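Each in structure tokens, the structures are laid out below.
You will see two complexes here that share subunit A, one where it goes with subunit B and one where it goes with subunit C.
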Partner chain A sequence: MTLSLALEARDLSQLPSRRDEDWRWTDLRGLIRELPAPSPEVTAEISPGPFGDEGEAELLVVNGRVRGDAGLLTLAEGEARVVRLRFVSATAATGHGVKLAVSLAPGAQLTLLESYEGLAPDYLADAALGVRLETGARLERIVLAGDHAEGVSVSTASVSLAPGADFAQTVLTDGARRQRLETRVEHPGQSAAVRMDGAYLVADRRHADLTTAVNHAGTDGTTDQLVKGVVADQGRGVFQGRITVSPGADRTDARMGHHALLLSDRAEVNAKPELLIFADDVACAHGNTVGALDEDALFYAQQRGIPEAEARAMLTEAFIGEVIDRIVHEGAREVARAWAAHRRVG
Partner chain B sequence: MPAVKQTVDHVESLERYQHGFITTVDQEFAPKGLSADTVRFISAKKQEPEWMLEWRLAAYERWLAMDEPDWAKVSFPKIDYQDSYYYAAPKEKIGPMSLDEVDPEILATYAKLGIPLREQEVLAGVQGAPKYAVDAVFDSVSVVTTFKKELAAVGVIFCSFSEAVREHPELVRKYLGTVVPASDNYFACLNSAVFSDGSFVYVPPGVRCPMELSTYFRINAAESGQFERTLIIADEGAYVSYLEGCTAPMRDENQLHAAVVELVTLDDAEIKYSTVQNWYPGDPETGKGGIYNFVTKRADCRGDRSKVSWTQVETGSAITWKYPSCVLRGKDSVGEFYSIAITNGRQQADTGTKMIHLGEGTRSRIISKGISAGKSSNTYRGLVSAHPKAKGARNFTQCDSLLIGKTCAAHTVPYIEARNGQSVFEHEATTTRLSDDQLFYVMQRGLSQEEAVQLLVNGFVKDVLQELPMEFAVEAQKLVAISLEGSVG
Partner chain C sequence: MLSIKNLHARVEAAEILKGLSLELPAGEVHAIMGPNGAGKSTLSYVLTGRQGYEVTDGTATLDGEDLLSLEANERAARGVFLSFQYPLEIPGVPAMTFLRTAMNAQRKARGEPEVSATEFLKRAREVAGQLKMDFDMLKRPLNVGFSGGEKKRMEIFQMAMLSPRLLILDETDSGLDIDALKIVADGVNALRSPDRAMLVITHYQRLLDYIRPDKVHVLAAGRIAATGGPELAHELEREGYDKYARAA
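Then we have the complex of A and B:
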């Protein structure tokens, strides 16, 4: 049951619904009553994306069609580059899907500046990334999801790592009519390291869903996850994080944190931080908090002469800042910081 | 620390499962299998009024249309609902009787289990020891309820469910199925159709129940299931503490236990509900036999400032599937859940709680300690939700899992649903194994490995043991030790 299957087979019954445990808070079948026409090819010039001209190369995907050389995402041994990968939905009331492969040979290094851009309302967009990292390869993936408020978008990255590989990602989103950003990682342990961060800033009636699943299959693996969310108005934030430690994956060190702020009485946060542990010599923990802005901190800031609205913005920015600070690529970090400041909610 | 000493003292006397004996007693059964006629048979046996039979039959019709759920992290062969007896009772007259009329075999059974059915035995205990009243349920019927007179003097009704249906139909009709509706879930629905006995408690306004109430459930008959139903109502300002214990013989077959417990608290009332569950867990090596414990327990905190506290020690059953829950409807009502779940051998447990915050200023606390050993699997599954109207709702959840050995599994699956900006939910979970350093330290002091493990485990679960009434805390501690026997080395 996926959006991509439904789009390919043009079959509504393939859409995931609330009855599917992994989609209980992001219901597509109840939302989509009919499948829109396939998206047309667009040849018009597309203006620069959120990452501007950061990095060395750009791969543009418009309405599910790749413009340019998809080989940019295949790196030979020892190669290193920074690539902007832009998924653009340009036509209203149409649907499209795309599948791309990212492959890093041993020792290769890629910084992927990935963006989702909705230029028109009411689209259905599906993107699937297959990622493979060989020994010693390193990928930093920074995702800025800027879908249209009336768009429906699902992005799924399936990541498989060789021992000693290093995978880090930061997913930032302000939601859409319905939006899901999912990452699945096959973690071999053996000194491979995973960092999977995310932040959602959701207002109006938008919906953002960050879902991750990491499966530790071998010994000595680490996973570090920090996800934060701020929800205002009638927005809805969803976080589902699953860490599985398979039998024999001893000395796994996995930590997950999810913290959300609710800024209005009609905002909603649903979270399911899951630990499935089949090995005994592990250190696994998760923490989850949901609450309002700290009234004491707000009072303190106001006492110093900062107006309430500004104090609120400062506090939420600092709250999200913790996620952004962990981005390694400096240019991307600054873009992300500006994005978060621009999208102050509440 | 007495807790530790107690454990150490009992290490010597451990047996794998001490309650696995079978009582030979003349019993009568309903015809094997499940049909509308079985439901009528049970209802007739209980001399129930027409409305009760109709309620059962309606539930049975609904059950036929339902599918068995499969979402829990447990696996077991499909249950053949036609291959079981739904009613088994010692051949005696139904209804309240004096102890002298009870089959001596049954009395001997309870004596062996350490349950005092003779009031004077309780009184003959240590001077100043707290009294507690017992409702003893043997297969499908309640054989005796103690201290009824003394309780009636203060207005507390404590009797078997069948008796309540006959003697207090107005109360039963008013509350039955209002917390767990017949169609709530597959097993609750089955229970609503075929429930046989259980306990009924009503504490009138302003009364603090003068003693602990308890029910002891015993499955004895082969090829049978137990479907008891418990309903406890604490009227305005009332307080009651209720304990529940259960055991079963060791048999090669799986037996189904599908109970429903409904608690209702009105304004300022409080119910403390403690369970020590020690059903036969099946053979630790082969996994053969054992009880399927599929239970629906829910409390409805209807009144403002009311409180329900669930404490459970889950050591038995081949499969445990239960989530004692609180619907926090009343303003400023409080729900608590303290749990120790221990799985060993091939046991599987999927247990936790639901805290549903509907009213303003409602608070809840969840402390769950899961211990897995052997080839077992232990899942904490919990829901904390806040309705848009539940302004100022607060929850704190802590669930810790401890793994002993390389072949067991521990899972944590919390669900958090916050629907307003004034609620604060905190959740933390850890999964660890017994630390080598701690074990080394304790063993260096001269304890064997097994003793050391028990000492450390007792420390791990201490937060929850403290919540148990004293008599149960001692029993629970022994159980913890017994359940983990043979889990190391």
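Then we have the complex of A and C:
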């Protein structure tokens, strides 16, 4: 049951619904009553995306159609580059899906500046990335999801790593009418390293779902995850994080943290952190907190002369800042910082 | 400068201040001493405008202007500064950033131009030097991982930078060893001036050996139970608060 299947087969019954455990908080079946027409081809020029001209190459995907050379996402041994990958939904009340492969040969290094851009309302968009990292390859993926408030969008990355590969990602989103950003990682252990961070800043009636699953299949692997969210108004944030340590995957080191701030009585966060451990000799930890902004800190800032609204913004920005500080690519980090300052919620 | 008349205040259902009156002229330092639960911290929060502290009667004015109708940040912009008993940690916000934001917010509220980065930095270096603070501490997130003494020193640093008119020190000596206490007291004494007033809230007389008050008030059961000179602090140290608590 996926959005992409439903779009391909033009069959509503293929949509995931709340009856699917993994989709219980991001119900598409109940939301979408009718499948929209397939998105048309768009040839008009698209203005620059959120990453501007960071990096040296751009791959644009408009309404599910790739413009340019998808080979940018295939790196030969030892090759290195920074690529902007932009998924643009340009036409109202239409639907589209796309599948892309990202492939890094041994020792290759890719920084992927991935954006989701909703230029019109009421679209259904699906994007699927198949990612393969060979030995010693490094991928830093920074996702900035800027869907339309009335868009519905699902992005799924399926990542498989060779021993010694390094996969790091940071997903930043302010949600959509309904939106899910999902990452699944097959982790071989053996010194492969995974960092999977995220931040959601959700206001109005938007919905953001960050779902991740990592399966540690071999010994000596690490996973480090920090996800933070701020939800205001009637917004809804969903975090589902699952780390599985398979039998025999000894000396796995896995850490998961999810922390959210609720800024209104009607804001909602649904969190499901799961550590499934089937090996003995492991170091695993998780922390999950959902609370309000620290009123003591707020008063402290006000007592120093900072007006309440500014103090709230400063504290929430600082809260999210911990995630942004972990982005390695400097240009992307600055874009992310500006995004967090601009997307102040509450 | 500060004039409090018949102040009544409550926190949730409990009335904590029950008709407190106090005159604090410019240039003077007054100590407020009292047993635990007398309302010392409540007084500092009521004066600085913390939410949840409801004034039910009475007035508090700063140079004739009603303080109680102002927001906390507006009071700060008019020169009211509270040195917290337990300074808050603000993760993710460097001390310098925090303080410069505060300073510029205050200036903006007073219709003054913003302080430039160079000007601010120069002044920060000077003040940090006077307080024997490691300048690098100011680049770290405010108070995060600081010791009790460092946090109090950071309060005094902020106080010196913001240059307030009414200084309220809430249990500034708590958690300080004697060396830190001297440095903090020196920092406070350096701020004494004819156009400033200070309210020093303390449970123990010790701090008053270093910050010498002009007057000492005993706060018991929500009102000023006695007022005297510095000798009153010594008497309290010897005899305790019992007789005031009983009288109330």
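By our rule, the second predicted complex is superposed on the first by the 346 of 346 C-alpha atoms of A that agree within 3 Å, B and C clash if a C-alpha of one lies under 4 Å from a C-alpha of the other, contacts with A are read in each partner's own complex, and residues count from 1 in each chain.
Here is the rule we go by: a contact is a pair of C-beta atoms (placed from the backbone, for glycine too) under 8 Å apart; a residue touches a chain by one contact, two chains touch by 3 or more.
What you are looking at is a predicted structure, and each value in this text was computed from that prediction instead of being measured.
Of the two partners subunit B and subunit C, more subunit A residues are in touch with B.
In the superposed model, A:G331 makes contact with neither subunit B nor subunit C. In the superposed model, A:P163 lies in contact with neither subunit B nor subunit C. Shared-chain residue A:P36: touches no atom of subunit B or subunit C.
Once the two complexes are laid over each other on the shared chain, residue contacts for A:I306 go to subunit C alone; subunit B is not touched.
When the two complexes are overlaid on their common chain A, residue A:D265 makes contact with subunit B while staying clear of subunit C. Shared-chain residue A:F319: touches subunit C; no touch with subunit B.
In the superposition on chain A, A:E295 contacts subunit C only, with no contact to subunit B.
Overlap of the subunit B and subunit C interfaces on subunit A comprises no residues. Across the complex, subunit B is touched by residues 21, 247-248, 260, 262-292 of subunit A. By the touch criterion given at the top, residues 71, 388, 391, 401, 403-433 of subunit B touch subunit A in their complex.
Residues of subunit A that touch subunit C in their complex: 294-297, 299-308, 310-311, 314-315, 317-319, 321-322. Contacts from subunit C toward subunit A in the complex involve residues 48-51, 71-73, 76-77, 81-82, 84, 87-93, 98-99, 101-103, 105-106, 109, 141, 158, 162.
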